[in-house]
Amino acid sequence: MTSTGTDKAGVAGSNGSGNFSHNKVSVHLQRKIREGLIRTFCAFCALISVVTTIAIVYILFSQALPFFTHVDLKEFATGTEWKPTPEPGHFGILPLVTGTLMITVGAGLFAVPLGLLSAIYLAEYAKPKAKAILKPALELLAGIPTVVYGYFGLFFVTPALRNVFPQIQSSNALAGAIVVGIMILPLVSSLCEDAISSVPVALKEGAQGLGATKAETTMKIVVPAAFSGIVASFILALSRALGETMAVTLAAGSNPILSLDPTKGIETMTAYMVSTSKGDIEVGTMKYMSIFAVGLVLFAFTFGMNMVARKLVAKFKLNYQ
Amino acid sequence: MILEPGTHSNLKSRKRFDSLFRYLCLGAASVGVLILVIFLTKIVLDGLEYFSWKFVISDLSSRPKQTGIWPAIVGTLYVMVLTAIISVPIGVASAIYLQEFARRKNRFISIIQLNIANLSGVPSIVYGLLGLVLFVKLLAFGQSIIAGALTMTLLILPTVIIVTQEALKAVPTSYREGSMALGSTQWQSIRLQVLPNALSGILTGIILSISRAIGETAPLIVVGAATYVTSLPKGLRDHYTVLPIKIFDYANDSKDEFHKIAASAILVLMIGLLCINSFAIYLRARTNSKK
Amino acid sequence: MSKKLTWVLPTFIIGAAMALIGCGNPAPEGTNAPTTTTGGTARTTGLSGEISIDGSTTVAPIATLLAEDFKKETEGKVTVTVNKSGTGSGFKKFMDGKLDIATASRPVKDDEFKSLEAKGIEFIEIPIAYDGVSVIVNPENKWATDITPGELKTAWSKDSTVTTWDQINAKFPKEKITFYGPTDNHGTYEYFTEAINGKKNEIRKEYQPNQEYTAIVSAVAGDKGGMAFVGYNYYAENMTKVKALTVNGIGPDEKTIADGTYKPLSRPLFIYVNKKSMDKPQVKAFVEFALGDKGKAAVTESKYVLLGDDVMMQIKAHVAAGTAGTMMKDFKPGMKLSDVYTKK
């Protein structure tokens, strides 16, 4: 009851005489209450993120479930026609999934090799002057909003492609894949660069000490050593490409057909979700529920990919820390 | 492999491969710069025709020559300021809890951390769906500016938390320990020692999160941001439009003049982003030089 | 540190430069407006409030221009919100009492009329323009220039199995055909199906539906074998991108739509005003605005076709008397408004 350690800071309320008074106890109590309140508030805020996840999962399931009472799950998963109107409509999701995959895989084909090679250059070869130009350029590319990429796809990439493929439609999968590839290039590059830079210098020096050229060291020692980190970066970038909405809606189209022809317009899952939301969506209609059904599939895909990527990064960190 | 017999005899070809590889990587890295230059040139060339001060401050019109994008600029600013006001306290408080108060790093905390990392990878349109059900329909905010801001808050919250945590981590433990050794409570040490030192990192991170959010269109479309408004939003329940949605709308239009106007709107957006990002870089540089 | 600062300087310089370039071309407001607005007339000053309009995407270009010009006329005091969810969706909201005005590219349907009656909502039906639904194809399509309604029916009917152009007309080559059109909440969809297939909302199974006409136009513009049907405005504004087929030798243009020779795809466009809303002074003023000279200018600027003077006089009398209800019960595609309005 005599105040000891708690009043050492000499805050207002102590009368310096060493014996406890009504003042000291209440200050001590006040401080403890305030601490507790602040701590609780912060904990509460941290919980909001948990609540968000629960809310997302709950909403996706609860709004999509009635959809599956009307549409057979098998037809949904394997059907090749996606035509919500005219009623009753066909709801086979394969056209949307193929559309999404065409964009994602196409973007990956563009961004993965380029991103890895630029990361190698930045991590291994680049002098500070070169870095000062290349890195900000990549950061700027990453900062461009996705709608702008869509514009670019519609009004630069497609007309340019028309010189090679005269029959190309005004919205097409190839333009979408290129544009999304450019979008994820900075991500691949910076994540790979991090992975490569974390490889211990000793490994590189060892190899060079044994007579390997820089290229050989990089390809045979560094890249394999950073492998799981590199693969994780690919997966994260592809997951980002999968969830991309505006650029593909503009550049690749809103035409849900099942086709592997890159000159045709297609529709990704995200494009369908945003195009349908633009019109008037009445709760309870098939159209409304279909948005959530597709959203559920999208969420499952990206969630799965992110988990895999995270496990790989953890494994990678384990190896080098 | 390196010590294989014969490695000396093909030294020439190995050296050639070495320089080839080097140029290949340089080429790959330059592709980014090249694309950036092409992009910017194209946007500037397309957008200059309709870009003017009048364009910036005029109302929306369905006539290409008369249209301006002032309502979109105002809408974007309102949504972003509201988003910042709501997300920053929550995000910073969460980060403080995870980084400072929760010292024991138990299972519970690591689940929250994992959860936040996952949330940052969820596609933005899914946040739009969340906002639609929760804010627009359930809480009956309708297609209003507050519903949009709340949705964007949820979208950038994970990023704000992660960025703030990084900034807090960067403050040396000695600051905290020294302060508490002098008798301050944990909150006092956070408030008086840790936060001021982490502030620049936190601010930079927040500004960068917001600037990324400005370009997000999909969630706002789902929660009902309009493509055409006749008046500026005055209250939280009002309809609104934002720059990226106008860009999307104009790009979709069949009239070619509106495509050029889309480019002008893009110029406005990019200039705004440039200013915000420059400010963030300036902040970072200034506080770095202080140290 | 200095490296970071070297980033800040150029960006601010670029930003300032753009602002200066931008400031270099100011133009006084309204120099390009076809309708000069110089403050409100005696009737329109003192008005305030809101007007909510929703409905047809076809009518939307007219409604948006009217809304903009009316706002200028009232010096910004009246805000008119125009949405274009589609004729069907617009009527649904009208039935819920949420709209002052529903725009429509087809007359109100029987079941819609009954629902409105049941809810006690009276409306004033006002035709505002003529439209000619245009059948558009790609400019590279050199083989098709004319088509008959029968051929259109073969292509678009419910049981149609047409996949190549020669199945429509043996003289056409065997080129793949892709069908594009609006979704079923659009009045144009309902009108076209009734006029061509004989029954509302019956259409071929395989076609690409789209909510936005701009997307339909872009699709046909990029697809050599494409065919679509759109409101006249969406064809007339894009004549460099798509071409229209003549129907029975008559192509859509202002004259053929006005005198009805472009058959059976000429049709009137409507606005339906909630009778209770007419008690609001701003709504009444807006309707008068739409029926006046400014309204006519909006119709022409949207590339739709004006109604004849005699019909206009009757409509104005109709509105002044506040007569509720529809005159279109027996209206069939191919008929003219004067058939209905002079039936007194």
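As written, the chain order gives the labels A, B and C, with residue 1 at the start of each chain.
Basically, a residue touches a chain if its C-beta (ideal position, glycine included) is under 8 Å from a C-beta of that chain, and two chains touch if they have at least 3 such contacts.
Computed from a prediction, not measured in an experiment: that's the story for all the values here.
Engineer: Thinking of each chain as a vertex joined to the chains it touches, would you call that graph a line, ring, star, complete, or other?
Structural biologist: Shape of the chain contacts: complete, all pairs touching.
Engineer: Would you mind telling me which chain pair, A-B or A-C, is linked by more contacting C-beta pairs?
Structural biologist: By the number of C-beta pairs in contact, the winner is A-B.
Engineer: Where the centres are mean C-alpha positions, what is the separation of chain A from chain C, in Å?
Structural biologist: Chain centres of chain A and chain C, defined by C-alpha means, are spaced 40 Å apart.
Engineer: Can you give the whole-Å distance between the Cα centres of chain A and chain B?
Structural biologist: Using C-alpha averages as centres, the distance is 13 Å.
Engineer: Counting only residues that touch at least two other chains, what does the list for chain C look like?
Structural biologist: Counting only residues that touch two or more other chains, chain C contributes 7, 215, 218.
Engineer: Spell out, as numbers or ranges, the residues of chain A touching 2 or more other chains.
Structural biologist: 278
Engineer: Where in chain B do residues touch two or more of the other chains?
Structural biologist: 252, 277
Engineer: Can you list the chain C residues touching chain A in their complex?
Structural biologist: Interface residues on the chain C side: 3, 7, 85-86, 89, 183-185, 201, 203, 208-211, 215, 218-219, 221-224.
Engineer: Would you tell me which residues of chain C are touching chain B in their complex?
Structural biologist: So the residues of chain C in touch with chain B come to 1, 4-5, 7-8, 11-12, 14-15, 18-19, 21-27, 29-30, 32-33, 61, 64-65, 67-68, 71, 76, 79-82, 212-215, 217-218, 234, 237-238, 241.
Engineer: Can you name the residues of chain A that touch chain B in the complex?
Structural biologist: 5-10, 31, 34-35, 38-39, 41-43, 45-50, 52-53, 55-56, 59-60, 63, 113-118, 120-122, 124-126, 130, 133-134, 137-138, 140-141, 143-148, 150-152, 154-156, 182, 185-186, 189, 207, 210-216, 218-220, 236, 239-240, 242-246, 249-250, 270, 273-274, 277-278, 283, 291-292, 295, 298-299, 302-303, 306-307, 310
Engineer: Going by the contact rule set out above, which residues of chain B touch chain C in the complex?
Structural biologist: Residue list for chain B touching chain C: 48, 51-56, 58, 61-63, 65-66, 228-231, 239, 252-255, 267, 271, 274-275, 277-278, 281-282, 284-285, 288-289.
Engineer: Can you name the residues of chain B that touch chain A in the complex?
Structural biologist: Interface residues on chain B, with respect to chain A: 1-3, 7, 14-15, 17-18, 20-22, 24-33, 35-36, 38-39, 42-43, 46, 89-91, 93-94, 96-98, 101-102, 111-112, 114-119, 121-130, 132-134, 137, 154, 157-158, 161, 182-187, 211-212, 214-218, 221-222, 244, 247-248, 251-252, 259, 262-263, 266, 269-270, 273, 277.
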